[in-house]
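Two complexes, one shared chain (chain A), two partners (chain B, chain C).
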Partner chain A sequence: MTSHDIVIVGGGHNGLVCAAYLARAGKRVLVLERRERVGGAAMSEEVFPGFRFSVFSYVVSLLRPEIIRELELPRHGLHILPLESTLTPLPGGDYLAQWNDHDQNRRELARHSPRDAEAYDEFGVELHQMARLIKPILGIAPPDPASLRPRELLDLARLARMFRSIDKKKFNTLWRLLTLSSADYLDSWFESEALKATKAASGIIGTMLGPRSPGTAYVLLHHYMGELDGVFRAWGFAKGGNGSVSAAIASAARALGAEIRTSAPVERIWVESGRAKGVVLEGGEEIRAESVVSGADPRRTFLGLVGEKNLPGDFAESIKRFKFRGSSAKVNLALGELPSFTCMPGRGPHLRGAVSISPSVAYLEQAYDDAKYGQISRRPYMDIVIPSMLDPAMAPPGKHVMSIFVQYAPYRVNGGWTDARREALGDAVIDTLAEYAPNIKSAVLHRQVVTPADIERVVGLTEGNIFQGELSLQQMFFLRPAPAWSRYRTPIEGLWQCGSGTHPGGGVMGASGRNAALALLGERL
Partner chain B sequence: MLKTTPFHERTGALCASQAWRRWAGYIVASSYELSHEREYHCIRAAAALFDVSPLYKYLVRGRDAARLLDRVVTRDVLRAQVGQVLYTPWCDAAGKVMDDGTVARLDETLFRMTCAEPGLRWLEANRLGLEAEIEDVSESIAALSLQGPLSLSILKSLGEIPPLKYFRIARTSLRGIPVEISRTGYTGDLGFEIWLPSRDAIPLWDFIMEAGKNYGLQAAGMLALDVARIEAGLMLIDVDYVPAKKALIESQTSSPYELDLAWAVNLEKAQFVGKQALAAEHARGPQWQFVGIEIGWAGLERLYAEVGLATRLPQTAWRMSVPIYAGGEQAGYATSGGWSPLLKKYIALAHLRSQWAQPGTELDIEITVEHRRKRAAARVVKKPFFDPERKKG
Partner chain C sequence: MIHAIVIGSGVDALVAAHVLARTGKQVLVVEERPPAAQDFGWVPPQVTGALGLQLEVQAPDPWATALLPDGGKLELWRDMRRTIESIRRFSERDAQRWPGFCRRMAALARLFEPVYTEAPSDPLNLRLALRVRRLGREGMVDLMRVLPMSVAELLDDWFELDALKGALGAMGILNVQQGPRSGGTAFRFLHHHVGSPEGVFRPPRSNLSAILRQRPGVLFRVDNVTKIRVEAGRVDGVVLDGGEEIEAALVVSGVDPRRTLLELADPAWLDPELARAIGNIRRHGVAARISFNTSIEGNVVLAPSLDYLEHAYDEVKYGRTSREPYLEAYPSPDGVEVHFQYVPHGAKSDLAAAARRLLPGLENAQADSILGPADLEREQGWPQGQPYHAELALDQALWMRPLPELAQYKTPITGLWLCGPAMHPGGGVAGAAGYNCARAILKETN
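Showing the complex of A and B:
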């Protein structure tokens, strides 16, 4: 039997971030990853010969800048390439494009609505201010308002001070963002359907909610907090795919002294009289540790690895009620040629940005309607990028890879996920895309469809939820994942959580991993 | 009258930003696209093509060509092999840098020298009875710089590329156009410079751009290059140092030692311009050093948070003199700097008095936040900031 200071269950990006910070503080850390490679859902794979994909998560924005700095990730190979634009093709051959260049963007918006073009800057300022307000909260262990522990009281007082300093107008805006649907919030700003829909799409990503569901405005803000080089709402693509993010963090962790074992599936977390003693691997190997940190999602961690019998009843209950409801899928395409969009034919700068299939808010809501009743969206929302346009090494010369984020593909699809339904989803995606880019069908060389069931099976994310639990208000902040247990601790002494099922949530942020490590080290967050 | 380069017919059509810059009496693109950002990333992630024709270029040929150049520059030209390229400064008799550039040995008795400033007169002044002819080929030779991790793949799709080590040059042809290709550049990345007769400029540009389509090649301008060269820790004449001939007062001049070029000064050589002064300076140690500076994020963020703003970063590389302090004293000044989108660091090149130039030294740099002068913590670091294996490997 071996012994370590800390064993981390799961080598996803948060587990790796946590390991790196703990190792940096001088702890003997061991990361155990079930699969043969690290990264969890942030991984790249040569799925078809010569074609590399970010199979699951596919863009970078929310990755906390302090992690990039403190772990010196660029030195470990991280290079983030900016995604510059968003093209929303419309039925009938028109389009709405959002460009990086201010004048170019304004002119394009004005083509649809001069009012929107003017409102756009103000909207940007408001969300920038809100992101700035919320940003400090990302880096703290959320205090429980019902707690009487001195430390949490201190943190509460600090939060209260922070919120008191917010002027009334901003506070009202924040409150609206926390409670409204993204459609309602956007209605108060814009009139152009395509613009509202494309913005609203950020509010539904990863959730089983529609743009008209209350609470989605916060998810929109959550995505706005993405920050690159000091600029909010900046999205990028990691050279080499999102596996490079994990690889860089793993390299940093190793350089700091952490040990990482792959193909080492943990069977259970070893608990004795309410205390975590270590882990037991499949095959029986026992690894003792002072502390165990789980990067797995709350359900897997507590109901799977710990076991209900070791948990207080009310805690087990709230973990059971924690909502996952995976709603998104990925379609990865190897392309022999670039797609040519009817609205903007041929090669052009628009292919270096995102393409959003979100022609109207009603379109998104209808896609959600299908999903509500257990159907795959007949016409899904899609967020499409062509990584090989930014990093040509992702595909053979002259060929391309396309990554399509698809919603909705409900985990609980009627009849359950089968090969036939997976392919039906793939067909729905290609058929929908072909309405805007007719050459897509002949351009596809290979197709990989990843359903929520596949995400769960391969990566281990419960119900295929990409955030390890829905980012809805009732499970955010001091309620993530369970009341009174939001500060990375658990009812089992010596067992901690570092996955995105904890505050502040998912999106390849790494914040949970960092916060958990600092909390475990007893540092004031 | 400003001139256009042999590639202008193509670069002019591509320059959507209409942002041009002067370089040695020519106009070259500052950026082709509206922002230089993507051009920069192409240097590091794919490939970028620069028109570097405005460089001054001289052919030096004859029995004593090597001796002439050896007399002028600070590196050992006599021992340079055929096919070798030397990066080197050259100095006046006081040992102060007049210019920096490259000397390529194309043949036993044939060299090409590139300079940032006109150098004909200086070469001729130093010929002094040596049997060497100097020909100004600045206009007849066009030059392109193809930089980035995929640059070699692009060249290989255009012709037979002999294996080239770092700072080596070879003759070959690309789609039938005779060229010389050197593994050199100003980006600190894998990259090549291509030298060709100006009359072949347009067809070669077209061949390269066409071949580059499959490799994400992007024509790139001086703004992107500026960011890359700072990351590579490469100094720029007139920005990071004043050439000796233009200095109005002695304190404006710099010796190679003060520019971190000690490695490029060969005091073993029999004789060269400035040797005596340089030997003396070498013995006593330079007063100034040219170093890398990293401006700390935490301090920067705090200064902006104090006025209620998110941290603001420079959008392009800056070129100006910015004071650097060690406590109450001025330790030196930065001459160019900017945000590195790759390294996620705010970096600068700076001249510091030697006692503060050790890597790790904590200093303060002046920064203007909302119209007020503040000081942000900065640290001396080793150059280059970015040094990928592929550059030499």
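Showing the complex of A and C:
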């Protein structure tokens, strides 16, 4: 039997961030990863010979800048290439393009609606202000509002003070963003359907909600958080794919003294009389530790690795109620040639950015209607990038890789996920894309379709939810993942959680991992 | 001399008029149409107490008779044990859970009772925070979880019986362009529970308007207001249809905020940003009212499952009338009134035939009137046909109702106040907005 100060279950990006911070504080840390490589959903793989993909998560923008700085990730190989534009092709051959260049962007918006071009800057300012308002909250361990413990009362008072110091108008805008649907929020700004839909799309990502459902405006804001510290709409692509984000964090953690073991599946977290003693690996190896930190999602951690019998009843109930409802899929294509969009034929700068299949809000809502009753969207929302345009090493010379994020593909699809349904999803994606880029069918050399069931099976994310639990208001802040247990602690003494199932939630953000490490070290958050 | 002019004949306008009149003010109500024969919603005891009223409250028992797809029915009674027996015929598990659910919901609704009978307070106000903390952990967690939730999620947490979930879930979507799976509908479900006894999830109906219309102390005039006169930022009276002008330094409008401030008053008095926000107040009308000349027992509900309601909503999203609508039929002074949801603004389908086909007992009844959202807008003055004047949703509730700048019943025009259902606490609570508005006026002028 070996012994460590801290064992971390799961080598996803949050587990690795947590390990790095703990190692930096002088702890002897061991990370145990079930798969043969670290990274969880942030990983790159040569799926077809010569073609490398960010198989699951595929863009970077939310990764906290303090983590990049404090762990010196660029020194460990992190290199982010900016995505330069978003193109929304429209039926009938027109398009809406959003460019990083302000004037170019404005001219393009004005072509669709002079009023929208006017409103756009103001809209940007409002979201920017809101993101700034929320930014300090991302680094907080949410206090339990029912608590009587002096420290939590103090933190509650601090939080109340923070909110009370917010300008009233801004507070009300924040409330609107928390409670509105993205469609209603955008309706109050814009009139152009393509613009509203492309913006609304970031409000539905990872959720099982349509753009007209209240709560989606917050998800939209969540995706704006990344724009804060860089350029406006600073979505980027990691050189080498998202696996290199994980590799950089792992390298930083190792350099700080953390040990990382892959192909080391944890079978259970070893609990004795209400205390975590360590973990037991599949195969029976026992590893003792002072503390155990789980980067797995709440259902997997508590109902799987800990076991219901070791948990207080009401806590177990809360975890059971925590909603996952994965709704997104990925289609990865190896291409013999670049797609040529009818609205913007041939090669061009637009292929270095994102392409969004979101012609109207009604289109997105209809995609959701299918999913609501257990169907794959017949005409799905898609967010497409061609990483090989930015990083040629991703594909053989002259060839390309295309990464397509697809929604909705409900985890609970009628009849369950089968090979036939997986291929049907792939066909729906290619057929829809071919309406805008007719050469896509002949350009495809290989196709990989990743369903929510695949995400669950391969990465271990329950129900394939990319955020380790829906980002809805009732599952956020002091309710994430369960009331009274939002400060990275758990009812099991010595067991902590650091996955994105905790505050502030998903995306390749790393905030949960960092917050958990600091909380465990006893630092005030 | 007239001290105050109240515009509108809604229940809130009548309450505001009488509360003001009791302080010795000469109050004139200019009513554009006769008051409702029946008012929907809980009447807070503060309102009846302040005016010394004895109401006739209709509280049918069973409070809901839910129709089942196989022709049977599920009856929900005021008596908890009887309801449990009803539910038990279909689900033992749900029957056991019913009392716990009722207790938890009543605890939350009780929190709103005092909040609804005063002007909305700042959300970060300490008194409110203490009130919330007094709920204890279970109550606080319920509150924070439930408010933003969809009513479908809330009910799925507790129950398995579709008919029960449908009948309850209907209160989450009543008069709103959302389906039971939309966020915030659990709050609306609670809103419609406030003031009701534990285990009763239908607001009562009363004759509050009819009593107030009969009552002396207030002057009435049947006419249309065409203009609210403003001089140097102060209101100084109204202009009636024939051109007659009536002076008063206090004008209280029960008409919706948009028409009050952008049409009756000159919008030039408003900050352009506020004028734009007023124009953006959400107010979709989604339901029709049909009157039949027959009679019916109790409150008959057609909402057999949450999926049924969700499908009904899907159609209105794209501008179509639900083929399988949510229906609720109840006795009215003239026969039977049917609430038919969802109907888009300007729909022209044969609603009465659909209601006759779907509701037993109406097969041979004659429809005396069929009012879709556009008709309700014209005949009742409900903007776009929305009876609450402003959609009741979390972003337009409490201190945000209908907009943070207007939530204290006051407008930027001195002497012009708003008292209709677009104001806190909103439609579904009869007279509370009028009562809160009148008290705010008295507080400021005394």
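Quick note on the criterion: the second predicted complex is superposed on the first by the 518 of 525 C-alpha atoms of A that agree within 3 Å, B and C clash if a C-alpha of one lies under 4 Å from a C-alpha of the other, contacts with A are read in each partner's own complex, and residues count from 1 in each chain.
Note that in this section a residue touches a chain if its C-beta (ideal position, glycine included) is under 8 Å from a C-beta of that chain, and two chains touch if they have at least 3 such contacts.
The structure displayed is predicted, hence computed values, not measured ones.
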Touched partner set for A:A434, first chain B, second chain C, both or neither: neither
Which of chain B and chain C A:L445 touches, first, second, both or neither: neither
Which superposed partner A:A146 touches (first chain B, second chain C, both, neither): second
Which superposed partner A:L303 touches (first chain B, second chain C, both, neither): neither
First, second, both or neither for A:A25, with chain B first and chain C second: neither
Touching partner for A:L473 - first (chain B), second (chain C), both, neither: second
Shared chain A surface residues [contacts with chain B and with chain C]: none
Chain A residues touching chain B - in the complex, by the definition given at the top: 65-66, 68-69, 73-75, 79-82, 84, 100-101, 104, 128, 132, 229-230, 232, 239, 349, 352, 389-393, 397-398
Contact set on chain B toward chain A in their complex: 33-35, 37-38, 41, 44-46, 149-150, 153, 157, 213-216, 297, 310-313, 339, 341-345
For the chain C and chain A complex, residues of the former touching the latter: 123-124, 129, 132-133, 136-137, 140-141, 144-150, 153, 157, 178, 181-184, 280, 282, 307, 310, 314, 317-318, 393-395, 399-400, 404
Partner chain C, residues of chain A touching it in the complex: 145-146, 160, 163-164, 168-169, 171-172, 175-176, 178-181, 184, 187-188, 209, 212-215, 321, 323, 362, 365, 369, 372-373, 472-474, 478-479, 483-484
